Every structure is written in structure tokens, then in C-alpha cells.
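The two complexes that follow have subunit A in common; it is paired with subunit B in the first and with subunit C in the second.
Coming up: the complex of A and B.
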């Protein structure tokens, strides 16, 4: 489709996309530094005050999720615009609101010592035991709300555009094909299906998030206004779980789009594929209760559902998406480069991260592993080696198709180092979880320190590799639009 | 111990996935027509998918047989000891902290302020059981200690700057 767009317009559009990606990638790199510092402190190598540690914890979680979601939204927008008419204004507004929100959050955390962690569980923002005040809490909570409004606008726009082109969000998910009313050959492409799924789940997530943020804001301003802590927890995890997981569902679009170009093999929607994405849509909305398995006051059926549907949610990725990626690469004669390599690694990261996630969603296991470091173990694997690798894959892909910039041996070394480092970081978290180390502890007992120290050192290598990825992307930004030919996409990668 | 089982099971499946991805990478440089590959591996997928569904169903049913939410069936004349626990920034209020081996105990856990986590650790720092400590709600943990010793209660939900200092010891004797 790129060939239908004139080169000047393409350059301008890619400029916006590049802004999303560079902001996202730089924030992710900076957040890695906070992660390293926390691990080194837990490993006994660095002396951090509790206040600093928990501020770092708060900014690390908020920044990682926010930046990865932001960059992933850029990836989704880049590919989705080829199928539906998206609003450039809304895309720009999201960027502006994101920056405003980020500044507010940073000031709240570092100038006003706000440290509720990114889950801001009610009533912690208002009841800090005098660690932070009203201003810090308001800056953080309102900043998050501003960020959320930007994302909400973006997803309302993607929903509008999909409905306009395909008739409804149901048709965007291909329900008319599933029901047999429409032929498989007319099914919406994978990018549209994934974008529809993300639109549905994230509008829901952001509405839940905005609700609990507003209730927290009122509570901070007027402590006499209280609300049900269990309802607040449900809303918080509904928001947090769905929004965080949507990053991978946006990121996977890059895999759907580029692996077929690299292998010259089609990756089209068929009935099974569409059913899998409808399953993902439904389960992603429902399984947040696996974060509340240790709240026995929850209705028991919701907790059992949390386990059963978490298992079921593994099926679409294990049976359809990962399997599809393996099939398309198998004996394809693919030309490996940074983009295709990272895209394939990202599918590995996602798939392998599903395993400890499913294990933890088992109620009897969760009883002894919830809120241990097992939890960051699995999500660092499928976010760090999965979702974030997808973002880096896109960065290299964009640089390749939109410029004449070549990669060097340094980039390839960075790919290997990044992969090994994030496996090490995730692995040390899993080992820590297996020996019952609690997560979110500023200090560790001596027997818990070893893995944390190892993770901190591995994190340094991961950061260095990320810097190399970013340097390559900045080099691309400086020369972007220098690629020859208007249909360069397919020629260059084939 | 459940943690060890979880770790070994995870390692086995993660290793299997690694091998599969590795083999595909090794075979990726060969070039073959896609249609026969699709035909063969779609067929294999039906088997693989069905196996996975059956496997998940079996594991689900097996692991849901006994849930930590269910009150144990106590023997006649063996009423449990009810222990009221209140978490607060940054400490614990226990109605009782000394217990006997074999004594069935129900910890009724709540919070006076924010969310906390109630995690019971043995002397080797293995997590034995946990629940959330929530304001306005009472969660229950059912425990019978098999070994004498000093057990620590650690906060497992981030609750503020002294979260990691919320440690309370309880004693279990013969």
C-alpha cells in the first residue's frame, strides 16, 4: 500500500511514527537504568534509601508500560493506516497528551516523592504514612489520567475508522467470516483484526482506569470521600492487566506484516485465526481476576474463572500465532537481518513467557508464588523478550525500508547481547520467585541477594544493547526518506 | 514443595519451546514450497491443538480439586484456633502469636489502612501460604503447622516506604 502514497507525504507520516518510536525507546532505556539500580540495591551492591527505591519502582513500572504502549501504538498506527483512514490530528494529540502526562508523572515522583508503584492501589495514594503529600499524588494521578485520555482518543479513532471501513467492530474481528456469511478470502487482514481487538480491550481498560483514577483523585482531595477497596482493586487490575497485555497485541502486528515480506509467504486471516483472536479479545477482558487469586473475599467463581480462562488464553498464542510464525519461517529460505531476527525472537519471547505466566495463574501455585519475583520473571520475559523486541524489530524495519542506512556488526552483537541479557534478567526473577523472594522489596535478606545482583549486571548489558538499537534508529531519523523507489518496502526485504 | 514443581515444570516446557524455535531457525535457510508445508503442519496442528486443550482441561480439573479458599474439614472436638490479624502501616496486630504443632489455625486477616499482603514464611524462608490484607474486608488463611519453629509473617503487597520492614514472628512449639 505504501506505493499508493506519495513520497513527501510518506516522509511526513513516518516522521510522526519515528517520534513515537524514539520517545518510546528512549524512555524504555532510561527505565532500564532504574531497573538496574533497583536490582543492584536488592543485591546489596548499591545503597539506596527506601524512598528512592520505591520512587524508582513507581517510575520504572509506569514508564515501561506507558512507553511500550506508546511505541506499540505507533507500530499499530503505521500498519493500520494502510487499511483504514486514521486521523493524523488524533495521533498528534495522543503524542502531546503523552508528553504532558509524562512530565506530570516525573515531577510528581521525583519532586514530590510520590511512590505508590504504578498500580496505585486505593487508598495508598492518599494514605502514604506521610511519605508524600497531596500535590505529588495529584500530579501522578492526573498525569496518568491525561496519558489515558490521549490513548483513549487514539483507540476511539481506530474504532471509528475500522467501523467506517468494515461496518462494525465485530466485522473487524471477522465474525461474519466465522459465521460463514462471508468468504475467508474476504476476511479482514491480520493487522485489522489485531487492531480491532486492541481497540475493544483498551477502550474498556482505559475506561476502568480513568474511573479508578478519578475516584482516587477525589479521595486524595477530600479523604471523606471513600469507596470500596475491592471495587477499586478490580478496576485497577482490569485496567493494568488489559492495558499492559495490549502492548503485545499491538506489537505482534509487526510480526504479521514483516515475516510474510521476508519469507514471500502469505499470512492471511482464516477462520481458525479469527476464532483465536476473538478468544484473545474475550479472555483478555476477563482474566484480570488472576491478579486477585489471593483475595478470598472475591466470588469464588471469578477466581476459578481467572485460572481456567488464563489457561485458555494461552491457546491462541500457542496454537495459532506462534505456530503460524514457526510455519512461515520453516524452510522458507528467509534472509535474516535485524528486523526479521528481532521479530522471530519476539515470538519466542512471547511464547516462552506464557509458560511461567500460566503456571502462576494456577490457584494452588499462586498461593505460594503471588507477589514473589516469579511475577516480574514471567512478564519481563514476554514483555522484554516479546513486546519490546517487537518494537525494536519495527525500528530496524522502518530504518531499512525508509532509508539507505545499513546495519553493522555492532547491531548484530547487540541483538545477541540483548537476547541473552533479557533471558538472564527474567531468569533471575524466576529463580528468585522459586526461592520465595518477595517482589517490590527495597532490601533483601542475604540468601535472596545473589539472583538480584546477577540480574542487575545482566541489565547493564541489556541497556548497552538497547542504546545501540537507539543509536541506529537516530541515525535513520537523520537520513530518513533516502530510500529509492516508492514501492521499496517489498523490494528491500525480499 | 509447590515452588520446586512449578519451577521444574516451567523449565521443561520453556526448554521444549526453545528447542522447537531453534530447530525452525536451523531449518529456515532451506527453501521449500509453502503449500506442502502448510498441508503437513496444519494437520499436525489439529493434533497439537487438541492435545493442548485436553492437557489444559486435565490440569485445570486436577489443580482445582483443593483450593486454599476452602475451610478444611476439622475432626470432631478439634475446633480451629481463630487468629485475628490486622495489618497497618507498618506492622501487624495479632490476637495470638504462639501455636502448637498440629493445631488447626484460621488467620482472619484485614487491614487498618491500605492493602497489605500476609505471607507466612518458614525458617528456611520458604513461602508457605498467603492472602491479601484489605481494608474493610477479611480474608482467611487455613494453616496447620507440621514443624516447630519460628515463622515470619512478611508483607507481600506494596504498602508504602517501610513495606519491607513489616515482619512479625510467630512461634510454633511441640
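Coming up: the complex of A and C.
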């Protein structure tokens, strides 16, 4: 479809996409620096005050989730626009609101020393023991609200466009195919299915998030207004877990779109695929309760549901996608390059990264492991080698199809270094968890320092590899639109 | 036919406004917190909506000159309704005459603006406003149900909770409406 689009218009549209990706990638790289500093401090190599550590922790979490979600939204938008009519104006508005929100968050954290971690768990924003004041908390919370408004507009637009083309969000998930009313050959493409899922879960998450953010704002302005902390925690994780989880579901569109182009084999939505995505839509909305397994006052059925559905959620889409990726590549004669390599590695990251989460979602294990570094071990692998690798894959793909820029040996070395480094970073977190190192602690006992120091050093290599990815993408931006050949996308990658 | 319907709506709006001004009705609605916020206030907005059907048609060019895309009118609507969701404003409407007067003026005016703006808003704007109110009603429900203190001087803490449950009911209804709207087939409709 892209080949049918006017090339001048394509260049302009790709400019917006490139803005999303470069902002996302640069923020991710800067956040890596904060991660490295924290690990070096925990490893006893760097003298960082506790206040600074928690500010870094806050900006690291917020920045990583925000930037990855932002870039992933750009990826989703890039491919989804081939199937439905999306609003460019809304896409631009999201970018503007994202930048405004980011600036507010940065000022709140660094100028006003706000440091509640990215989860802003009630009543912490208002009860800081004078570590930060009202202004810092308000800047952070309102900044997050502004970010949320941008994303909400974006997902309203994707939902509108999908409903307009396919009739309903149910049809976007292929329910009419599942029920047998429509043939499999008429099923919505994987990109539409994934985008529908993300639209449903993120509109829910952002609505819950807006509620709990405004509640926190009211509490910060007037602490006499107090709220039920358990409900606040439920809403906070209904927002935070779902929103963070959705990043990989946006990122996986890269796998669905580019591997078929590289292998000249279609990735079609069959009934099993559609059922798996519907299951993941439902489970993703419900499994945030696995963040509450230590809250003994939660209704027991919710905790059991959190464990059971967390097991179930890890499987449908992941198995279908990982198996599909293997099958599409098997004996295809694929010519590996940076984009296809990163996309394939991301499947490994997703698959391996989900395992510690499933382990931690087991109630009896959770009571021991959840407050240890085991959990960062999960999400660094899952996000770093899964979701973020998908984003980097897309950056190389876009550079390839939209310019004549060639990759060098340095890029290939960076891919290997990045993979080994993120495995090392995640591995040290898992080892730390296994030796009962608590997470979110600024200071470590000497017995806990070794893995942290190792992680900090591995992080430096990961950062350097990321810089090489970014340099390649910046080089592409300077020459974008120089691709020759009439068939813009497909022939060039095959 | 349409002309008759429009004049009927103007008349209906004025009659409804007159009914809401009757001292007995006014005092009754304001004596119970849930009736004050969830009946009287929406009815005053409805007054403006009904009157707006005629007014906006007769002064269409005036409205178009400053509210061509519906966003300014919607922003005013959001700001005024947010103001009236603050518990203190309900209290002050009972205690201070000019706040009560403001209520009887501002809510019909924004009802009128809502009528003019809603048809001009694009579907994205409508959806955004809808979701905004969904989370706002949810939040207010939570605030009124969960507040450990008596928020208004004129209403008991028990009344706050009833209002909170009322708001929660509205939130639940809005969620159900949203779910049916996005999961039922709308192929034939212009979205």
C-alpha cells in the first residue's frame, strides 16, 4: 500500500514518524544513563545521595515507560495508517502534549526534587516527609495527566478509525471471523487486530489513570481529602500495568509487518490468532492484580484471578507470535539484516522475559520475591530485549526503506553488544533477586553490590550500542526520502 | 413541522425553567444533596439545551463567529460543570444568594452552548469529552463515598455517600453505553 502513496506525502508522514522514534530513542538512551548511575551507586562505585537516587529512579521509570510507549505508538501509527484513515492532526497533538508533559515531569523531578517513583502510589505524592513539596508533586502529576491526554486522543482516533472501517472494535478483533460469520480470508490483518487490542486496553488504562491522578492532585492540594488507599492502588496499577504492557503489543506490529516482507510470506490472521488476541485483550485488563498479591486485604478471588490469568496471559499471543515468527522464517531464505535481526531477537526477549513474571505471579513466590530485584529482572528483559528491540528494529527498517543509507559493521557489532548487555543487565537483576536483594533501595549491603556493579558496567555497553543505533537513525533522518525504486517497501527488504 | 418542534422546545425550556424557579420546587430539590446535584443541575442544563434549539438557529452567524468548531463552547461547558461539581459550590449556592443566581444563569447558558457545540464537535472531540466526564464522575463518586469528613455544611455525611453512589451509577451507565457503542456494528453510520 505504501508504494501507492505519493512520495512527497510519504516523506512528510515519515518525518512525523521519525520525530516520534528519535525522541523516544534519545529519551530511552538518557534514561539508560540514569539506570547506570543507580546501579553504580548500589554497587558502591558512585557516591549518590538517597534523594538523588530516588529522583533518578522516578525519572528512569517514567522516562522509559513514557518514551517506549511514545515510540511504539509511532510504530503502530505508521503501519495502521495503511489500513485505516488516521488523523495526522491528532498524531501531532500527541507529540506536542508529550513534550509539554515531559518538560513538566523533568522540572518536577529535578527542580523540585519530586521522587515518588513512576508509580506515584497514593498517598506518597502528598506525604514525602518534606523530601519534596506541593509544587514538585503537582508538576509531576499534572505532567503525567498532560501526557495521558495526548495518548488518550491518539487512541480515541485509532478506535474511531477502526470502527469506521471495520464496523466495531469487536470486528477489529475479528469476532465475526471467530464466530464463523465471516471467512478467515476476510479477517482483519494482524496490525489492525493488535491496534484494536491496544486501543481497548489503553483507553481503559488512561481513564483509570486520569481518575487516580486527579485524586492524587486533590490530595496534594488539600490533604484533608483522603481516599481509600487500596482502591487508589488498584486504579494506579490498572493504569500503570496495562499502559506499560501495551508497549509490547504495539511493538509486535513490527514483527507482523516486516518479517513477512523479508520472507515474502504473508502473516495472516487465522481463527486461532484472533482468539489468542481476544484472550490477551481480556487478560491484560484483569491481570494487574498480580501487583497486589502482597495486599492481604484484597478480595481473595481477585488475587487468585491475578495468578491464574497471569499464567494464561503470558501464553496466547506470545506462543502464536513466537511460533508464527519461527514458521515464517523457517526455510524462507531470509536475508538477515539489522531490522529483521532485531525483530527476531525481540521475540526471544519477549519469550524469555515473560518467564520471571509468570514465576513472580505465583502467590507463594510473590510473597518472597516481589520486593526483590527479581521483578526488575523480568521487566528489563521483557522491555529491553523485547519491546525496545522491536522499536530499534523499526528504526532500521524505516531507514532502509526510506533512504539509501547502508548499515556498517559497527551496527552489527552494536546489535551483538546490545543483546549481550541487556541480557547481562537483566541477569544481574535476577541474580540479585535470587539472593534476596531488595528493589528500590538506594544503598546496598556489600553482599548485594557485586551484581549491581556488573549491571552498571553492562549498562555502559548497552548505552554505547544504543548510541550507535541512534546515530544510524539520525544519519537516516538527514538523507530520508532518498530511496530509489518504485516499490517503496517490499522489494527492497526481500 | 420542524418549526413547530423548535417553538415547542423553546416553550418547553421556558416552562421547565419556570418550574425550577418555583420556591417550593427549588427548596425541595435543594434540600436533598443527590437531588440538588443530579436532578436540579442537569435540569437547568436541559433548560439551556431546549432553549438553544431555537436561539442558536436564530443567531447562528453570531454563534459561528466565535464557536465555529464547537471547542470554545465545550471548554466553557467543561469549566462551568467542573465548578459545579466542587462540593463547596453546592453549599454556597444555598448560603449566598448571588451564587444561587449564578447557578440559575450559568447552567442554562452552558446548556445552550452545549447544544450549539455538540453538533459541531468532531467525533474525536465528542469521545474525548465523554471519556473525560466518565473519569470525572468516577472520581467524584469516589470522593463523595470515601470522604472521611462532612464536606458540606448544609448536607449530612450520609447524604454525601448517597450522592457518591448516584455518581457511581452514572459512571457505570456511561461505561455500559461506551462498551455497547464500540462493540455494536456501526458500519452504516457516519462516524
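Convention: the second predicted complex is superposed on the first by the 491 of 494 C-alpha atoms of A that agree within 3 Å, B and C clash if a C-alpha of one lies under 4 Å from a C-alpha of the other, contacts with A are read in each partner's own complex, and residues count from 1 in each chain.
Keep this in mind: contacts are C-beta pairs under 8 Å (C-beta built on N, C-alpha and C of every residue); 3 or more make two chains touch, one makes a residue touch a chain.
As the structure is a computational prediction, the values presented were derived from the model and not from experiment.
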item	value
Superposed partners subunit B and subunit C on subunit A - clash or fit	fit
Which superposed partner A:50 touches (first subunit B, second subunit C, both, neither)	first
Spatial angle subunit C-subunit A-subunit B, Cα centroids [nearest 10 degrees]	100
Which of subunit B and subunit C A:88 touches, first, second, both or neither	neither
Which of subunit B and subunit C A:228 touches, first, second, both or neither	both
Greater subunit A contact set [subunit C / subunit B]	B
Subunit B versus subunit C as contact partner of A:268, first or second or both or neither	neither
First, second, both or neither for A:171, with subunit B first and subunit C second	second
Lowest C-alpha to C-alpha distance for subunit C against subunit B (Å)	11
Footprint overlap on subunit A, where subunit B in one structure and subunit C in the other make contact	228
Interface residues, subunit A side, partner subunit B - complex	50-51, 54, 57, 115-117, 119, 121, 123-124, 127-129, 131, 228-230, 233, 265, 292, 294-297, 300, 303-304, 307-308, 311-312, 314-315, 318-319, 323, 326-327, 329-334, 336, 344, 347-348, 351-352, 355-356, 359-360, 362-365, 367-372, 374, 430-431, 433-436, 438, 440-443, 445, 447-448
Residue ranges of subunit A touching subunit C (in the complex, touch as defined)	87, 90, 152-153, 156-157, 159-160, 163-164, 167-171, 200, 203, 206-208, 210-211, 214-215, 218, 224-228, 231
Residue ranges of subunit B in contact with subunit A within the complex	2-4, 6-7, 9-10, 13-14, 17-18, 20-21, 24-25, 27-32, 34, 37-38, 41, 45, 48-49, 52-53, 56, 59-60, 63-64, 66-69, 89-90, 113-115, 117, 119, 121, 125-132, 134-140, 154-164
Complex interface listing, subunit C residues touching subunit A	123-124, 127-128, 131-132, 134-136, 138-139, 142-143, 146-149, 182-187, 191
